[in-house]
Structures are given as structure tokens and as C-alpha cells.
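Right, I'll just put the structure down here and ask away after.
Each chain carries a letter (A, B, C and D) given by its place in the written order, and its residues are counted from 1.
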Amino acid sequence: MTDHHAAAPPAGPVPWKKDFALKLLADMVRIRRMEEKAAEMYGAGKIRGFLHLYIGEEATAVGALHALSPEDNIVATYREHGHALVRGMDMGAIMAEMYGKREGCAHGRGGSMHLFDKATRLFGGNAIVGGGLPLAVGLGLAGKMQKEQRITACFFGDGAVAEGAFHESLNLAALWKLPVLFCCENNLFGMGTAIERAESQTDLCVKAASYNMPALKVDGMDIVAVHEVTKQAAQRVRAGEGPLFVEYQTYRFRAHSMFDAELYRQKAEVEEWKTRGPIHTFSARLKAGDKLTEEEFLALDASANAEVDAAVAFAEAGTWEPLEDLLKDVHTPAENAP
Amino acid sequence: MSRKLSYREAMREAMHEALTNDPRVFLMGEDVGMYGGTYAFSKGFLAEFGPERIRDTPLSELGFVGAGIGAALGGMRPIVEVMTVNFSLLALDQIVNSAATFRHMSGGQFSVPLVIRMTTGAGRQLAAQHSHSLEGWYAHIPGIKVLAPATIEDARGMLAPALRDPDPVVIFEHAALFNMEGELPDDWSVDISSAKVRRAGKDVAIITHGGSLPKALAAAETLAAEGISAEVVDLRVLRLLDTATIAASVAKCHRAVVVDEGWRTGSLAAEVMARIMENAFFELDAPVARVCSEEVPIPYARHLEEAALPQPEKIVAAVQEMLG
Amino acid sequence: MIEFKLPSLGADMDEGTLLEWKVDVGDTVKKGQVVAIVDTTKTAVDVESWQEGTVHRLIAEIGQKMPVGTVMALLLAAGETAPAGVDAGGTPRPASEAAPAVPAAAPAAAPAVVAAAPGRRMISPAARKHAEEKGVDLDSLTGTGPHGAVTLEDVERAAAPRPVPTVEKSAAEKAAVQQAARAADMRKTIAAAMSRSKREIPHYYVAEDIPLAKALTWLQAANAQRPMAERLLPAALLLKAVAMALKRFPELNGYWRQENGNAGFVPGAAINLGVAISLRQGGLIAPALLGADGKSLTQLMQELTDLVKRTRAGSLRSSEMSEATITVTNLGDQGSNSVFGVITPPQVALVGFGRIAERPWADNGGLKVLPVVTASLSADHRVSDGHRGALFLIELNELLQRPEELDK
Amino acid sequence: MTYSEIRAVALATLLSIAPEVEVDELRDDRTLRSQVDLDSMDWLNFLLGLHEKLKVEIPEADYAKLITLNDVVTYLQKKLGAA
């Protein structure tokens, strides 16, 4: 069993105005509470199938997505509840989708691994490891060909790096200088396989460089660093420099999915990484900089819990899609063709 | 009025027209640009439409088919050319798990208006890895349409409605047809939903598609000389099968032979036979027969390849056996 | 009181076994705290509590296997005191909502069976094949299958002797209607069988004139010592002779069978002579005299008489109808000089006897008048050749010249 | 037994074998077997019926004398008379 020792927790002043900082903190807490409730509802049998939680990695999605524009395209993976929420999706629609209810964002057809939202240009979760990468390249190609300002951000894990799709997509994007931001959330494990047991080259930025693609590395637990680096990267891509690769070094505090016994890592390692947890370290830095009081934290935590309870109530009250609609939308009805 | 045209020129004309009429249309695939297309379908396009819209790709079928899907999601109308169905196996994940699935799985939010063209079939001594006929695999997948243009008219006419279709359309072009010449009527517009009776008859219905159509017509000619009137039905659309036309032809002839270059087990022929059994059971005077490729990796040597593939003589024999 | 239930522990897991409690009565439990370790089919897993409170009672025991949803422990919510004497039994109640009660799937639209084109009757292939074999005329049948299609069962019912439908009419009228219906049905059955025979069986014909002087004088002498009721007819002699002759010509006694693609002769297991019996109001049935070669003339005569009576009364057993291995038709004393019959499929031969009559007969240079019968053989050229057929008739002739040996 | 009584018995026996016969159309002086379709089996059963009802022996040798209905009745009358 290899050890991945956690560095010192993120620290230092937060160079943001208070309301912006609290907005990001609130988003992280909303994700955390939503994911905890999802775990509970899975245990209660309300959510079934597979469920991959984002607890521990919140800083990456919140920091990165707040550095992008609503017009940008987002392609994600099956660990995408946090991304969907920060992108602006209603928590009730997410919870209802995990319940399989008709009121879910995909009418209960996708479930936890396939959240879609046309309004926020979230082109889905994807249960195929690396499945989203070629799609992101295509979206980038369409954007470039239609001279649009939007860029495409593609989130994927360290596991996807081993797929052929990773090699083919990065090469295509670099070859055609497409406006694609490759956001690799390296949480050190591809399901139960530590990265050093899957990759001959574990420095992912070196991989990206082999396609002549500029690459940046950032502490995925430090929301300040994540946000600033992503903002800079997005500007370069938007300016037409071509694709860019960002490696967010992060860690998930819970099992790969519900449930695995986590035989592949030591409990001590998890505890060690928890000391670098994104929420409590950010709160501490804000408090130290007089940008957050305990009451304010409790208030935003309470509002997060209220939002979660409302989302659960919305999902519980949801209905099942009628069987008559089973075959609806296998094809696109003529009237609402794109 | 009509004019003489080869299958290749007809498809080339169709693509040229699509690229000219709609700026969202672009062609992407291996050697479609500088090389002019492996089978010269896009010769001269690069010079005329430029590298943005005639994109040579690296040998990354999963990558560029996925990119085609993404571009379609992004508002373009891509034509992705996969050199042959044999290489498309590398891109099957993107076609099955993304292209075919997006519309339904997203609860109707996203459509994928994409056309994928690929060559198929054997007969040119390319040996097992380059001689597959796997249309049946694609015709199995809900969410996409599958076409098999076998005539000059269809080669010219099918691309336009395929590009207009909001969902993915896969077009199989049989390698043996490219040099075939024929008359193209002035009004060549066609649908992409129905089968067509290419030759009327009353004693037996020979149901086939793509590269096997010329073989079926040749067999019908031989049978006519023996006083057997064979009807030849060109499926044209492999998903969604035009069951009504198939059933009507069986109802007229009461006997049917299905010709399909795929291997018989779990083949498209098997599906056509099931449709006949479900919809025209009481019309049958004899069990439906089929002429498929032998269940063997298609061999290189000419005599072996010919023995492995459906041939007019095998079709004639099947009909004679049936009429007893 | 808060019930702590065994949570669902994975997509493919319905129950778990408690390995270890991580808390004890009186401990306070915080949200997300691991309270137990449970073994699933895959592996041992830490189970956390999502509710907060103090442990009031641990219900599940170590090693207990239980379905998901079983109440494992009871917690007191913050500030709640234990109600006196309450001993909430931990009844295992799967909390997980049963699979959503969803209305039964709309039945997939059964593919509408396309009704046959007008004018084209809907007849199942099995029915078509059986009708041809049994010589049942399909046009006369109304189908009971889907959409009025004629099924195999419809044909089988038509092939077996039919109970004639009763109509409220006088007895005589009813009998007449029955008779007419039966005769009409019979005519159609015979027509179908005979046309199939001519279509499929390449007949060849051979004939032989057989002098019966010795045979008839022997018969008359035999009848003289017999009571009238046991009196023998010449037919009995002829049938016995045919049966004896067939023992040396098995290729005339059996069936032409068509089984999955290959067809061929199947020799009869016994010599069962189908005796053509005409019905009084027209029509013909050929029930079988089973094992004729092994029976005495007296037995044959009795069985023949009984067969004729039951045939004319319409009460034949179905086995008698279908077990003949060859047919013998005898025109009797009202018949013509000779008869060359049509083989009854699937048999492969038919023996015909004309009227026994006085005929001029050359006998070593002189001319005599003798009772003579013309015996004929129609046979299936796929199975035997004229040469063998002729030898059979010659054997028949010799047997009839030694009548005394036939009565064994 | 009188002639007509014997004739009645003969006709009853005939009907039991050939129920479709129109008895009143029968001509006594015409060959019986040309008016009624009786094969050798029927003829034997007809004579057997007379033998059982009238207890009269009819040897095969006498068959040639029994051509018309009249022949049959007078033959029986003679046999009965003598008995």
C-alpha cells in the first residue's frame, strides 16, 4: 500500500471581497450537505444503482466553475453532483433525478451518473471513463468554427488518463488549437487503483506537454489557488491560445462509490488528507482575515441544510414517468429539432 | 430525363451540394482532405472549401467520431467519414453510449444531428480485418437510423434527408458499388424510411440491401429464364426496417429468400425473417430461406472469398430448393 | 425515539451480517459517526449513522444476518427521556421502498397479424401439411385459430370420423341429412387422396388370369360341412392368398414416408390388408384386416363380415382406418372383369380382383370352360419394379391352386 | 305360412340389409339382384336372415334357382310345406 502524504493545509490570506468569498464557501457547504444527504438516502434505499460522492473535492468544482462564464460548455463525469449544483442547477432537480423521478433534470432516465442541463450548458455526466473527452473536443471545434466566444471545460479524473480517448482527444485539440480547457481532478485513485499502479508517468502535466499543450498544476484543496489558476487558464484559452491542461491535486474523503471497503488505502491517509479539507481550511483563513464569523458560517450551513431538506421533499413528492412515455425521445420529434 | 453517373460521383455530388448549401456542414475523417478521400469521394473538396470544413484527422476513430458528436451538440452538422466499418469498432462506444443515447437519457434536452458514413462489405480480397459487413450491429441500436444506399439514385439522394435528420444517421456504402454506373433521374429526391421493390415478381420475394442488391437482381434474371418470377426488395433502410413493404411482398409471393452479407447467426437477415414470421406467417408456403456469408473470417484468396460470400448462384439454388 | 436501520450497502446487496458494534448503550452518536461494522457479500463495511442522539438500546446481535432496513438500535433524540417500559421490538422491516409500484408495463403492442390477402385463406403451414397427408380438403373447414385461421387441430378434427351435427328434424330426415353430409365429406376425402396419389406415385400395372376351378370346388365341399353361419365366400380365399404371397414380396407391403427432407420406403410391421368396402349410398372405405397372413379362413371370414357390418354402420375404430399396409379391392360377382386401382397413399401397392366368371381356358391343347378371376397389381415404381410385381401375381396364382393349404 | 306371409318375411330381411330399398316398387318377376344392389356378402347375409327366421336350410347349390323374389318365396314355401 503506497502512501500519499498530504502537504500542509492551505493557508494564507484570501484576496477576495467578503461576499464573493462567502458565495464560494456557501457553494462548497451546499455540495457537502447535499452529498451527505444523498449518502443517507442511498442507505434508506431511495437512491439506488451507483452513487459517486464529491465529498472532499468541493474546492475544485467551486473554484474552477466560478472562473468560467455561463456561456461556456461543461462536460463532466459520473462524480458530477457538485459541478451541476455550482453551475446553477436546482438541487431539487438533482435529488429528484437521483430518486429516478420524472421531475429530475433528465426525467429520471439518467440517474446520479447522467445529470444534464441545457440551460446551464452542462452536457452531462458520463459513466464511460474518458467518454466525455471527445465530446468536449467536438464542442470546442463547433465553437471555433462558429467563431463563438465560449470555451469548453472538460472535467475528468486521473483514471481517464489511461484511456485511449485521453490521448486521441488531447492530440486533436492541440492539433486543431481548439478552445478546450482540460480539467483533470487527480484524486490519486482510479476507483481502487492508486495512480502509481496505473500510470508509468504520474506527472500528468508532462503527459499534456507531449501534445505541445501548456499545462498547470494546482492544489485542488486550496479554493483560492484553484480559482485564480482556472481564471488565468480560461482567459488564455478564450484568447485563442488553444487548449490548456490543468491538474487539480485533490482527494476524496469517501469511498469511490456506495459502498466500497476502501481496502486500497489506509484510514490514516484519509484522516491525514481531511486535515487539508477544503471547507474548514477556507473558513479558518476567512475568519483569520475577519471575513467570516462563526455565526455567519452557522447561518450559511443552516441555509444549506434547509435547501437540502427542501430538495429531498421535492424528490419525495415527485412522480414516476408514465410508462406510455417509455419510447418518447428515442428520436427527436420533428417539431423540436435543434 | 436522366444522366449517367457512377455511385462514387453521385455521393460526391451529394456531399458537394451539402457543403455548398449549409455552412454548418463540414466533412471530417481520415484522409478526406489532402488525399481526396480513401475512395476519392471528396477529391478537390479541400481546395474548394478549405481546411476548416474538410478536416483530415489523425487515426483516432474514437476521438474524431466523439468530436463529431460534440460538434453536432455544439450546433454544427458534421459528416464524419470512418474509412471502413472495420475501423468503426474502435468508435462503437461513442456511437452507442453517446450518439444514440443522448436524446433519451437527457430527457429530450440534447439531440445529435450527425451523419457518419462508412464503407462496408467484402469482395476485394482485403482479408478478414477489412471485409466485415456489420450493418446488423448498428441496426440493433435504438436512437440512430441506419441506411444502405445501393443505387445511384440513393447514393445521390439519401445524404440530404440524413443531414436534415435531428438524430444520428449511419450510412453504409458497399465497396463493390463505387464503380457501378447508372441513370440518375432528374428528380432524385428520396425518403430515408421505406424499402423499395426494385423488380416486381410473384413466385418468390428476394429481400436484400446494399452490395447484395446487384447479386439479387442477377439471380432474378436467371430465375426468369427458368420461368420463375422473382420479386427483388431493396431494404434501403436497415433501421427502422420497413416491415410493411416486406410483409406485402411476402403476401404476394408466399415465399421469401433473405440475402445478407453478414454472418447468419444473429444477423440482419435473422431479424427480417423474424419480422416475416410475425407479420406474414399465414402467407408462407415454405420456410423463409436466407443466403448469408459462411461463418468464417473472410479469407484473402479469391476463390475462398467468393465461396464465403453470397453469390447469385447460391440465391438461385435457394429459390429452386424452395420451389421444389 | 429514533430507529437506526441497516442501510442499503450497494447496488447488488440486500442483506448484511453485523460483525461489530462501535458504540454502546448510553454513548452519544454524532452525524456521520461510524456505529457498526457490517459484512456484505463483497466485504466488511463501516456503517455510519445519519441521525444524532444517545444509544438507548442495541437490538441486532453480533453475527445476526438481516435484510436492509432492519431496525438495529434505538436512539434517544437530544433531550428525550426513555419512556418507561417501552421495549420496541426490533422487527426487521425493510425500510427501503419496495420497487416503485409502477402500473404494469403497457403491453408491447403485439404486432398485428396481417390478415391474409383477400381470397387467400389463412391456414397454418402445419395445418396445410397435415391436410395434405390426411387427404382433408381445406376449403371445407372453418378455422378456429387467430383471425379465423385454420389450425392443425382443425384438420385433425376433420380427418377423424366426424360426429355429424344434430339438427332438429324428424329421425328419417336427420338420418338422411347425416348420410348426405357423410357421403359429401367422404367424396372430398377420397378425391384429395386419389389426386395426391396420381400426382406423387408413379404407378405401374400388371395382371394375371387365375383359374379357380380347384379353389371353388374345394370351397363348396368345405361349406357343405359348415353351418350356414360359417359359410365361406371366395373373397376370404383370395384375401388369404394375397396375405400369404406378400410374405415373399415385402416391398409391396408398407409405406412411402417423407421425413424431414429424405423420403423412402418403410416396410409394414405386419400384413394388414385394407379391404375396400363400398357403402350403400356411395363412397368407399378400406378398413384393415390386421395380421391377415396369420389368420384362418374362418377367422378371416368372421372378421370380414364384422368389418362390413361396422363400416356400413359408421362405427369403425380409428386405428382400423389407418393401419392398412396394402389395399385389396374385390369387385365381387356384380363387378366387371378386371379392375386396376389407384394406390391409397402412403401405401405402395394395391391388388384388384375382377368378377369370378366362366371363361374359355386352353388346357394342354384342348379348350375348357373354367371359373377364372383376373388379378391385377398396381404398384409404386419408386419402391418395386414390374418384374417383381409379376412374380407376386404368379405366386398368388400358385397359392390359389392349393386351396387346402390356405386354411391354416 | 301363406305365400304373402313368406314374401313379407323376405322383404323384411331384405330391408334389414338394404334399408334404402323402395319395397313397393320391387317387381317380383324381375331378377332381384339387378333391382337391389346386393354384393356377394349382402346376398349371403340375406339368405342367412331367411335361414334364421324360417329355420330353412339353403345349400349353395340352390343359389342358381333363386333369381327373382318370386323364385325365393316359392322355394321357401316348398321347403316349409315339405317341413
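The rule is simple: contacts are C-beta pairs under 8 Å (C-beta built on N, C-alpha and C of every residue); 3 or more make two chains touch, one makes a residue touch a chain.
Small disclaimer: the values here were computed from a predicted structure and weren't measured.
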> More C-beta contacts across A-B or across B-C?
Replying inline: A-B
> Taking every chain's C-alpha mean, which one sits closest to the mean of all protein C-alpha atoms?
Replying inline: B
>> On a C-alpha centroid basis, what's the spacing between chain A and chain D, in Å?
In response: 114
>> I'd like to verify one number: the distance from the centre of chain A to the centre of chain B, where each centre is the average of its C-alpha atoms, in whole angstrom.
In response: 41
> At what distance in angstrom does the C-alpha mean of chain C lie from that of chain B?
Replying inline: 46
>> What's the distance between the Cα centroids of chain A and chain C, rounded to whole Å?
In response: 68
> Which residues of chain A are in contact with two or more other chains?
Replying inline: none
> What pattern do the touching chains form: line, ring, star, complete or other?
Replying inline: other
>> Which pairs of chains touch each other in this structure?
In response: A-B, A-C, B-C, C-D
> If you look only at chain B, which of its residues touch chain A in the complex?
Replying inline: 24, 26, 52-53, 55, 57-58, 60, 62-76, 78, 90, 93-94, 97-98, 102-111, 113, 142-143, 166-167
>> Give the list of chain C residues in touch with chain D in this complex.
In response: 220, 223-224, 228-229, 231, 233-235, 278, 280-281, 304-305, 308, 332-334
>> Can you tell me which positions in chain A touch chain C when the two form their complex?
In response: 36, 39-40, 42-46, 48-50, 100, 258-261, 263, 320, 322-324, 326
> Contact residues on chain B for chain C in the complex?
Replying inline: 243, 247, 251-252, 278-285, 287
>> List the residues on chain C that touch chain A in their complex, please.
In response: 5, 7-11, 31-32, 40, 42-45, 50, 68-69, 94-97, 100, 102-103, 105-106
